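Both of the next two complexes hold chain A, though its partner changes from chain B to chain C.
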Partner chain A sequence: MRIALKTPALWLGLLFVTLLTGMPGLSPVFGWAFPRVRPAVFDRAGFVELFLSHLGLVAAASTAAALAGVAAAVFATRPAGRDFRTIAALLAAAGQTFPPAAVLALAVPALGFGARPTVVALFVYGLLPVVENAIAGIEGVPEGLREAAQGMGMTPWQVLRRVELPLAAPVILAGVRVSVTVAIGTATIGSTVGALTLGTPIFDGLAGNKLPYVLQGAVLVALFAVVTDLLFAVLARRLQPADRR
Partner chain B sequence: MSEPMIELRGVSKSYNGRAVVGDLTLAVPRGALCVLLGPSGCGKSTTLRMINRLVPCDGGTIRIDGEDALRPPVEALRRRIGYVIQSTGLFPHWRVDDNIATVPRLLHWPEPRVRARVHELLEMLRLDPRIYAGKYPHQLSGGEQQRVGVARALAADPELLLMDEPFAAVDPVTRDALQAEIARIHEATGKTIVFVTHDIAEALRLATMIAVMDRGRVVQSGTPLDIVERPASDFVRDFVGVQGLGLKLLAVRRVRDRLQTGEQADGEPIDAGATLAEALAAMVARRVGRLAVAEGDGRVVGAIALGDLVR
Partner chain C sequence: MTADGAAEPWAAAPRLHNRVLPVLVLLATAAATAMGFVVIAPNRLLPGVGVPLWQAAAAPATAGFAAAAALLLTLCWVRPRGAVHYGAAAVAGAVLLAAPAVAGASAAQLLGSAPPASVASLAGGFWVVGGCAALAAIDSLQRAQAGAAVQLVTAAVLAGGFLALSRIGAFDALSLSREYAARHDLFGAAVLRHAELVAAALGAAVAIGVPLGLAPLRRKRFEAPLFAVLNLLQTVPSIALFGLLIAPLSGLADAVPALRAAGIGGVGPAPAIIALVLYALLPIARNTVAGIGGVSPAAIEAARGMGMTGRQVFWRVETPLALPVLLAGLRIVVVQTVGLAVVAALIGAGGLGSFVFEGLGQYATDLVLLGALPAILMALGADFVLRLAARAMPRRGAA
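Let's look at the complex of A and B:
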């Protein structure tokens, strides 16, 4: 518990939850600062509702990206998948150079408005860091260890499960961390195609020239991303080899 | 003549059309410590790795304990063969005890039996279980890591042990201790060991049988004494080295073969299993011409004199 009290994740997390639930309570402050905007706090949807929807989109897309990314990396590092390695890296990189707005624009005609195109865009966008890191992590396992594992009679699956993945885990996690953090920020633009996210007040504010809405949405998205990143940092420390903690 | 433990017949391997091992034939008797000796690139490591099929051979037959080694599932074969490599290959995320338990756990031994075996092996390798079992590989010295590597290879009590330049990366003092350890384990367990090295001194010290390799073939195989005294070709003569031949002969002969039974001498006795080179070194260091000789159990059995070395 002493360690938990020292982590900024806890304090920033508390701040985040407080703002999320208590934003309407700040109405007088925003009303004083922005006298011409009424209501002074975004009220088309509750912030908690927006957050939960935002979280759901990111969780769905990032989980899929993490699983697919690691699976692709595992395949790319098998003898049978050697040819796939270049293609996988190339595809994932191409996904990254595509602006998420463009992915959204392309996904909407196929999938309609709302959450679905957003999840697809986030998935495509989040794949690269996972694939890249997972390949680097698995390839970073010293050849001697793989040889020893095989030489002792581990099956290919056992080598992967007991040696390669545990040793690559910190690097893979770093990739997932980047992927998720980026997804939290990027998910906001899902609001332009009708998904409910913490970006909704931002785009509402921008469209209606209501600066406080932009501010409320932006602060919450930023805190959400920072707290998540810090939680990953805690997880990464846990995942360090037991002897090096 | 009983059946050899390992029999390679006409074995070959090429990479990109270049033959690394060509038509190699070798029989290793049961209980032998066979050293594959040769310059780097002679195919000795490839030959070793064909025995546990880490390198698939292109042609020929390999029999282990009379059975076709190319037939059974490769994992089943490897779990019966201990394997030690130069880089130790210890899993850095597993503790010493878990590293040693690798193969027994792959074989689904009951956990109490695994733990007892790990304990036994740590003691055999002179690593105090209370201190070492819970450590991680990076907390050990190079020599300790290689001891754990040997313990891990022995864990499931394999009939055969393959060692690929296991001591090439450790300092000379540690290497000396590890060689003594292997000699002792070989003697105590009677396991068949195939040991790859390019170090002639290491080969002479450990081997009961040496196969000298050059360009993918065995150019001579025989006892260390054969190799040193009757090299079959100029290559072998050059590789074994003419210089210091006398000292090399001392290094392959044992005190046991030259001692005068029942004789007495003063001072700390030397082990009967020691080489004549070691006896000579002890005489020079102590400035004496005679040493008492004791068997491994400490019982004094005779003496050896300077003159006995040149008989």
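Let's look at the complex of A and C:
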């Protein structure tokens, strides 16, 4: 079962790296299929460079969103923050109905063009699924376990770190996974506000009517997202308690 | 939900019954004092200068906001009961309506003494005040445990008040209204196109997704591969999926001229709708499996015992019992599709996204808003209505 899950992540990952580095080598193929577009492969920036920039944006925003989201959920599930639980859950649910493209576009007037509005939009948007899942995960910890831990003399901090967070980890990870998937997609649209991502060839291609650029960008973006999701699936399987594997 | 000061020794102030409202009021007050409420710019494209509320608005308006803030803070100290929560919700709702009206009036006043080409836009302070007021209203209604009817009436009053204010020209000085006035016809068409894209995708997705979800219920081994594929589709970013569909569709349209004549091609609504359907399949199929699969075997057994045929059992027993779960899937899909359809403008499908991306291209924030705000309202509205519908559903035979 684990091999069956690992294999697609592995071979799709290899395919992604190969395409990322070898796209210029496919130039004759694209040149034959689209004789009117020259150069046949997008060359305003290297694909590896685009990928690293895309990855950097997603990693920075998602890491911050995961940490802040879990912190907010921990606060909302403590006695002192219980008053804010409803509004935190409400904000997380309502915020996710905002179209990502709109969030991104609205971050521009406040922050200007470039990578900054993209990172901020990714962060704000990525926060929501993490908060939602972390609240659900922590609240899903059976009350009996919490009381048993307290009965063993654990401090509230120890209960949180040794009981609640480990048990909530799979649900929290599912939230982070959604958050990262959305971040990869939203960062792609970030190209329209001046961020350098694998979406850049797509938008250059759409604007200049150059179909091969659209294809090159789209295939790489799709593989990037799918491979990342498959890696999360492997991680989720590791976190699952042994008896439920 | 509401914490009682006496029972919670960690509450610093013994009689503070509501700690969410003060935070929202303080946040809004800070934003109204420190941030610009409206921005006056020399023209449509240049950045402007923010003017805070107390400088922008007439003195009575500022006083009114201060009074509302004081009233809300006072209500937090009153022993909580229904009337208190409804009172807080009413005050917050009034602030929500007053904020754009005051912004419009301030804009008109400030523009009077500014150079002719100047424009006035809504600034950060406005958005924070408006957002806090909306949250305060919703939170108060939840504390009052308001039913569906109250929520619906509140939404209708707010929408009606807003429309009435715009009718009498309260917002006319704001550049958002001017962008709207300049694109009056296009706007209606864009909203309609957006709704059409969502409706077309939704219809097709239900027609395909429900049978797809029923298949694993009959043959268990379909389940894993089906959801693996649908999951991967959901993972692919929208613009990539749109891009991947352009080449095959334009090739198809070249090969079959009849398709091109019917308006199907590499760019335009066709690839957009196909992609939107592909994204919608996962929630619909998943909730079909959960909903129909969750109907208690006893109910089906009883129906069979009454002599119903398989088809009758499906339509008269399984579907009605699964309806709340199916509706939840529909709600997720509508919200998701409204958002994704914004991106579809990039491949020439039209809709509200065309304003968003045109505005981004022109550095014109208010044009972005003209596309983004209706899209957000459409998503929130659909979410709200479908939530109410699911709640109003009779729970017949729920286990």
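Methods note: the second predicted complex is superposed on the first by the 235 of 245 C-alpha atoms of A that agree within 3 Å, B and C clash if a C-alpha of one lies under 4 Å from a C-alpha of the other, contacts with A are read in each partner's own complex, and residues count from 1 in each chain.
Quick note on the criterion: a contact is a pair of C-beta atoms (placed from the backbone, for glycine too) under 8 Å apart; a residue touches a chain by one contact, two chains touch by 3 or more.
As the structure is a prediction and not an experimental result, all values here were calculated from the model.
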For A:T21, select first, second, both or neither according to whether it touches chain B, chain C, the two together, or no partner.
neither
Under the stated touch criterion, name the partner, chain B or chain C, that contacts more residues in chain A.
C
In the overlaid three-chain picture, which partner chain does A:E147 touch, first (chain B) or second (chain C), both, or neither?
first
After superposition on the shared chain, which partner residues are touched by A:I87: those of chain B (first), chain C (second), both, or neither?
second
Using the superposition on A, tell me which residues of chain A are in contact with chain B and, in the other complex, with chain C.
none
Contacting residues of chain A [partner chain C, same complex]
79-80, 82-84, 86-87, 90-91, 94, 96-102, 105-106, 108-110, 113, 181, 184-186, 188-189, 192-193, 199, 202-203, 205-206, 211, 214-215, 217-219, 221-222, 225-226, 229
What residues of chain C sit close enough to touch chain A in their complex?
1-3, 8, 10, 18-20, 23, 124, 135, 138-139, 142, 231-232, 234-244, 246-247, 250, 266, 335, 338-340, 342-343, 346-347, 353, 356-357, 359-360, 363, 365, 368-369, 371-372, 375-376, 379-380, 383
What part of chain B is in contact with chain A in the complex they form?
52, 54, 74-79, 83, 85-93, 102-103, 106, 136, 138-139, 152, 162
Parts of chain A lying in touch with chain B, wherever the complex brings them together
142, 144-145, 147-155, 158, 162-163, 166-167, 241-243
